[in-house]
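In the part that follows, the structures are each spelled out as structure tokens.
Consider the two complexes below, in which subunit A is the common component and subunit B and subunit C are the respective partners.
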Partner chain A sequence: MTKLAFKTIVAAAALALTAAAPSNAQKADPAGIVRKMHQAFFYQGESFRARVKMTLTDASGSERLRELTMLRVNMPKRGDQRYFMYFHAPGDVRRMAFLVYKYPAKESDRWLFIPALSLVQRIAAKDAQSSFVGSDFSYEDVSGRDVEADEHKLLREEEHGGKPCYVIESVPKGSASYKRELSWIDKAAFLPLKEEYYDVQDQLFKEFTGEEIKEVDGVPTAMKRTMKSVKTGHRTVVEFSEVKYHLGLKAEEFGERALRNPPGSWLK
Partner chain B sequence: MNRLRSFSLVEFSVEHPRWVVFLTVLITLGFLTRFPKVRTDTDPKNMLPPTAEVRVSNDAVERSFGLYEDMIVVGIANKSGILNDGTLGKIKRISDGILRTPGVAARDVAGFTTIDNVTAEGGMLRVGPLMAEAPQGDREMEALRKQLFENPMFVGRIISRDGKTAAIYVPLEKGASGMAVAGKIREIVGREGGPESYYVAGDPVARDTFGAEMFRLMAVFAPLAGLVMFAVRYLMFGDLFLSAALMMDAMIAIIWSMGFLIGLGFPIHIMSSMAPVFLMAIATDSIHIFNEFYFRCKEERDKKAAILKTMKAVGRPVRYTALATTAGFAVLLFMNIIPVKVFGGLVAFGTILLRILSFSFVPAMFTFVKEESILKASQGEEIESSRVSRLLGRLAGLGARRPWAVALTGLALFAAAVVGTTRIAVNNNMVEWFKESSEVRTADRVMNEALGGTSLGYLVAGSDGKEEEFIKTPEALRYVEGLQRALESLPYVGKTTSVVDYVKRINRVLHKDDPAYEKVPDSKELVGQYLFLFSMSAKPSDLDNVVDPSFKKANVWVQLKTWDAKAMRGVIEAARAYQRGNPLPMEIRPAGVAYFNLVWNDMVLWDMIKGFLLAMVVIFAILAVNFRSPKWALVGYVPLLFTVVLIYGAVGFMGKDFDMPISVLSCLSLGMAVDFAIHFINRFRSRLAEGRAAPAIEEAIVWTAARPGKGILRNAVLFAAAFSVMLFAPLTPYVTVGAFIVSMMLLSATLCIVYIPALIVLLRKWLFAAGETPT
Partner chain C sequence: MGRAWVLAILFLAPGRPAFGGGLEWHGFVQADYASRLGTTRRDKLGSGDFLLGEERLQLQLSGSAPKGGVGYFAKADFFRDEVDSRADVDVREAYLSYGKGPVDIRAGRQIHTWGVGDLLFINDLFPKNYVALFSGRPMEYLKTGVGSLKTSLYSDQLSLDLVAIPFFEPDRLPTSSRFLVFDPFQQVTNRVDSRPRHDLGNTELAARLYRPILGFDAALYAYRGFFRTPYMEPDSMTAPTKLTMVYPRLSAYGASIQGNAAGGVLSLEAGFYDSRQDRADADSVIPNSQTRFLAGYQRSPWTDFTAGLQYYGEYMHRYDRYEASLPAGFPKQDRLRQLLTLRLTQLLKYQAWRLSLFSFWSPTDQDFYLIPEAAWRVTDELTATVGANVFGGARSTTFLGQLDKNDNLYLAMRYEF
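Right after this comes the complex of A and B.
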């Protein structure tokens, strides 16, 4: 190696170090950033409950409402979670309940209780990218996507909405409904403030924004999330209320019995 | 005053020919600079203004159900069945290719790899793409076969009943070019090859291919028509320079008017693409000037005097024929259909230009001709020696001498033609604008034989909101289901799809796939929960396309096997009948491309009937003013009326549909066919008035037929020659227009020369005031 080349490399390394220094001495490990984001966004507290209002708006402006109570409990096994969703509205789906056992690296198990048939039906979760209850959110958007399923790259660091952010590009390793995703991750709270999804034609087709970040039980939480389908003009706004962490929920209670008849304390 | 101005224009042009020609060329070059900005528009939707009721309501339906304006249908056919590794692998690759094609609304492409299937296996409900990957092994293949043929939502839609044809429905993003996407798809399927054959069909393919062809035709056929006319003219006059001058006259008018149109920012529609050929043909009217000029040259031996005398003799009929032609086209300005308006205005403008040129540029060009060459050429222009003139004289003499025989023969033909006109069927079919063997039409035919149909209409059934989410009630669903069955009994309806099909499917799947449950369940609550369950896993568009967000309206997709406008009329009538037979407070409204085509078709018809009547009145008025007598106007009117009725009689007997090109022609034909009568009667009467000692009607008739009559015949032949090139066009509307105009010109010239003499003789007492009746 020539002297000159060596000098250049040293200079470049020094420059990179000084650039990285102010950012908490954080090593630019994009997968690590995404992992931290997942922790902050999907795994806070050992359990969680919120009343969720979903507003689905189509291109012509007409709206549909979904209201549900969502509960989550983290499993001892790293990454596993159980979700329980109980629907309050629209009227004809009241008492419908949805149970999901989530495993990061394999398909989740899902059950749905259909009150009119008094039937608990297992539902195949073939496609985690399919729409969640007709909204613009996919199942993945609600409960997280396996960090290892994508190749992550730190594109740049920039401010978004006045907050310093990492801009990460994630490209799915296998087949997916999108070709790549860009995320703006808040450096302080590690919450995603914005995500852009590009389709197979490499055109923007879905856009996520996380807003109204409030601290609840010491946990920064995005109380409002919007997913916009850019090409169709359809969008879904999710608003959280009555958020609570650390409820001391028991994982074994997330089962068929709860689907048919959820414990009163859950829906309070 | 008018006369004064045109006379001075002629004199000015004869005095300063170089200036006139120079100025004309300069302006022409100016208009030519507009040409590179040309745009075409073949979207039938733009035939109506964006505020038209049908467009507003169609847009509203598209919005509330998340539908696409345009859909291409791709067919993959294998004679030994498509359910084999090879073909399915190809379908998978083709689908992937289509999804990656720009302009394709990838999220809503419906085919084997993307369409949602609802199944229950081992107690597990599955909603997902029917075939994410090509099946491996016989068991998977068998499972796919079962799923395909057990699900009525697939049979006839993505697979044919015989299992030999598969389809992929490709919606297009707003503004995407159907032809560009179709071209890309043809490339994709072209790479696969194999024993399968591939078809690309659908409204956007037909429409955009038509647009491209139209552009090409305009570039090929207009110059070709010009060339043919040039050749015919040269044969008639034997002078290269004069033939070229006449040709330039037409070219200049075309460049000015097209340049003007493009400059104003109008796109070229199918109608206006034909304008150059029309203007070229209308320019042939200046042949009367040439015709007379040749005769005068022979008589006068002085060029300038001959020019001025020529213009004096033919000025009046030439001005009035121009006026009549302009009026015939200008009535189109009062129509509702935009391209027809544009076309009418364009040709009317061009006709006026042509006439101005006739009184300026044409005389100016005459001054450049060498006198010897005119004399040489005009040697043949002698009534006595010209064979054509003698023949014409004899023809007119037949009318004059045996008026009853001629009149009665005409009446008999007329009566037969009237019978023919009663057989005319109003219809419009864009796919049939292509020839039988064309790729577009073949694809459409094959797909319509195998599958549910390439033409799409919608019926939106809704309640006026007494009950919340009324569509979820079993009554509403059964009502829609009944409507679907009623529609499917129509021969041209291939397939219908609605929310009912999803509900029935889920009901069956949740009851252990028991076929007995393939029906609408009995409770609204259950329907609501089924649909919610479905929406938990399916693509959101699956439901959005068939119900509105408030569940007040259901959208029934009606696939038609033909693009005939009348098919959608049948669908609407069947829906009305169903409503009468099944009283439920639900409203049914049509929408979609097929409905648009129907509305547009009806509008064309009424517009054209209106235009036709208007043109009749206006032209009669022009004739009456020109002849200063309504009686003579009536005589001039008869050959015109006969021509039009005879042609429509023939159209009726041939079983040709009365479509948009034909209906537009009906209006125009009046303005063009009347020209000959104007020339004939004007010249006949001025011959009588020229005050030869004892003006004999028969002598004047024979003279008129032999001299101006030769001009009429030359005019008709030239006109017909220009349009005959359109007979060889690859698109049927052009052929229709060509055939129509050729026969109209020849017929009206013949009728004019034979029938007008007969009428003059028969009606002479009535036509000439008492005392001045000539013998």
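Right after this comes the complex of A and C.
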């Protein structure tokens, strides 16, 4: 009993210290800000579900749609996550399901279920920067990039869309599809409001915006996200609906059974 | 044809709104043509230059009970085959499913697929339609549904699939009606197909036990049933007048493992085929027991490009007895048949274009098979595909070499709704 009480005190003290720290540490620690942004943007709630509508528009204005249900569960191991995506439309991907085990510092495991062949297939996942289902978003844009993979620098603090923001510059330590990234991170909710990606010639080629921030189950959520490929004029708008957090999902459910025969409650 | 329309009406009648969220129907209309490359006039094939000429309507109907756990799915194709000048219905799948706790049950006509090979199957002994593959029909037609009962048991540690197939269905292989193929008994026209009867005792059983091990997907397989490829049994070896197509008894046991390694996906699979009807391997018709194995590696070296390489081998046991029982003048198989495959896929223009090449090459049979293909997703609904099947080999008696004169170019368009 005394041992337990002692542990609790230590834990409480540690918590108090970390809680007290941010106001100073944040400014000094840009990686900490990015980490908080990741927490707010990719990790909220122990689980999450949304109906996702992706509209892909090319320079000439012609549109393609992708409709899917996305579920996510956080793993006990810090940073690990499992994602499940079930496609409703268009016809050629309908009933397809996609499962990703994400590990921040190593390649993710990915499986695809192809209903017409009743086939569960493992997918090579070397390139996290490849396009997610043909959109302007990469896999990394959808599920997050390892914070440690970049060198982060706090450039300045400024308002964006009427909200005070940190402006962070992130430079990849290894090879990447971009040379540097600028992010405008909302100081209050820690959501990214804007991101700019610069190529090797230091020209802007990809631009992200997070819009329509709404509180769902107590969690500020960007209900609309846009990624624009500046040079081609192609853009993808992602709209979330039926968002829910804290679904009480079990990590073990994110497996082959879900791919072949997803639980009815997941897709409702 | 009247039957087809009744089915079509049954499919369409309920409509979407009547059952609210519980019922969905979808499908596609497809036109699909494949023509031989090079003339066949001298070979006088009944089907002319076309291997395939068809228009097809697929209707899919699915639904589930509001409380969940119970559902159904049906998918039927209504098609007109221009080569045979006939129209028909093909019920691709029709099953009911029930799930409760750790158990899922699925009963009816359904497609089963397992194993880790890419277009190579060792422990997946479910029916396949190679005619569809060789004549350029969409890949999904390689697999056919089969009336069966599938029971799946899930736990966090270990999962099990058990499939019982009471209705034997053979693989569909190219025949002389549309393909120019090697036939050692060309002059014998009296042929009887002797499929295993639909008896309870002939029920095929297939099982898969699987679990993740250190980030790899590991599985064990077992099968008890029949070879799905027919073997020709002549009434006499010297002067045959009648051929019986037989499907000898087969048991198979195997294992596979698949997972991330060296920046890609590594796949390993092996299986032992126990030819139960000819344990002594003394019969020249019934195949000898074999061990089959494959190793595959797939990776994505740059954005939207994947490359996959596989090595596959078939090792025949008791080869000496096979050699001894083989009638004179018959083409001889190798003790170890080897095959290499390479798949290259490049996606372009926000994945609206897919260029791919699949190639088989056997260093032992000295034959090959190439499938170059370009698919364009014109809109979300409309897809156009053009591709070719190119076969060749040093001899006309090997599996792929015999198809040498069947090179074809195919064109398909599909509208999905």
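One rule holds in what follows: the second predicted complex is superposed on the first by the 241 of 268 C-alpha atoms of A that agree within 3 Å, B and C clash if a C-alpha of one lies under 4 Å from a C-alpha of the other, contacts with A are read in each partner's own complex, and residues count from 1 in each chain.
In this section, a residue touches a chain if its C-beta (ideal position, glycine included) is under 8 Å from a C-beta of that chain, and two chains touch if they have at least 3 such contacts.
Computed from a predicted structure; not experimentally measured.
> Answer with clash or fit: subunit B and subunit C placed together on subunit A by superposition.
clash
> Output check: A:80 vs subunit B and subunit C. Expected answer is one of first, second, both, neither. What do you get?
Once the two structures are laid over each other on A, A:80 reaches no partner at all.
> Determine, under the contact definition given at the top, whether A:205 touches first (subunit B), second (subunit C), both, or neither.
first
> Taking the superposition as given, does A:59 touch the first partner, subunit B, the second, subunit C, both, or neither?
In the superposition, A:59 touches subunit B alone.
> Check the residue A:67 against both partner chains and state whether it touches subunit B (first), subunit C (second), both, or neither.
Neither partner.
> Using the touch definition from the top, say if A:96 reaches subunit B (first), subunit C (second), both or neither.
first
> Which holds for A:131: it touches subunit B only (first), subunit C only (second), both, or neither?
A:131 sits against subunit B and subunit C alike.
> Go through the superposed model and pick first if A:46 touches only subunit B, second if only subunit C, both, or neither.
So A:46 meets neither subunit B nor subunit C here.
> Contacts for A:234 in the overlay, against subunit B (first) and subunit C (second): which applies, first, second, both or neither?
both
> After superposition on the shared chain, which partner residues are touched by A:140: those of subunit B (first), subunit C (second), both, or neither?
Neither: A:140 stays clear of subunit B and subunit C.
> If I apply the document's touch criterion, which positions on subunit A are contacted by subunit B in one structure and by subunit C in the other?
56, 58, 62, 64, 90-92, 114, 116-117, 119, 122-124, 126-127, 130-131, 133-136, 234.
> Contact residues on subunit A for subunit B in the complex?
Listed in rising order, the residues of subunit A that touch subunit B are 56, 58-60, 62-64, 87, 90-93, 96, 98, 112, 114-117, 119, 121-124, 126-127, 130-136, 199-201, 205, 231-232, 234.
> Could you list, by residue number, the parts of subunit C that touch subunit A in their complex?
26, 28, 64, 68-69, 71, 97, 99, 104, 110-114, 116, 139-140, 142-143, 152, 154, 156, 159, 210, 215, 217, 258-260, 263-265, 267, 298-304, 306, 347, 350-352, 377, 379-381, 383, 416-417
> Contact residues on subunit B for subunit A in the complex?
For this pair, the touching residues of subunit B are 60, 63-64, 66, 99-102, 104-107, 123-129, 132, 173, 469, 472, 510, 523-529, 532-533, 535-541, 543-544, 548-550.
> In the complex formed with subunit C, which residues of subunit A make contact?
56, 58, 62, 64-65, 89-92, 94, 107, 109, 114, 116-120, 122-127, 129-131, 133-136, 177, 234, 252, 255-257, 261, 263-265
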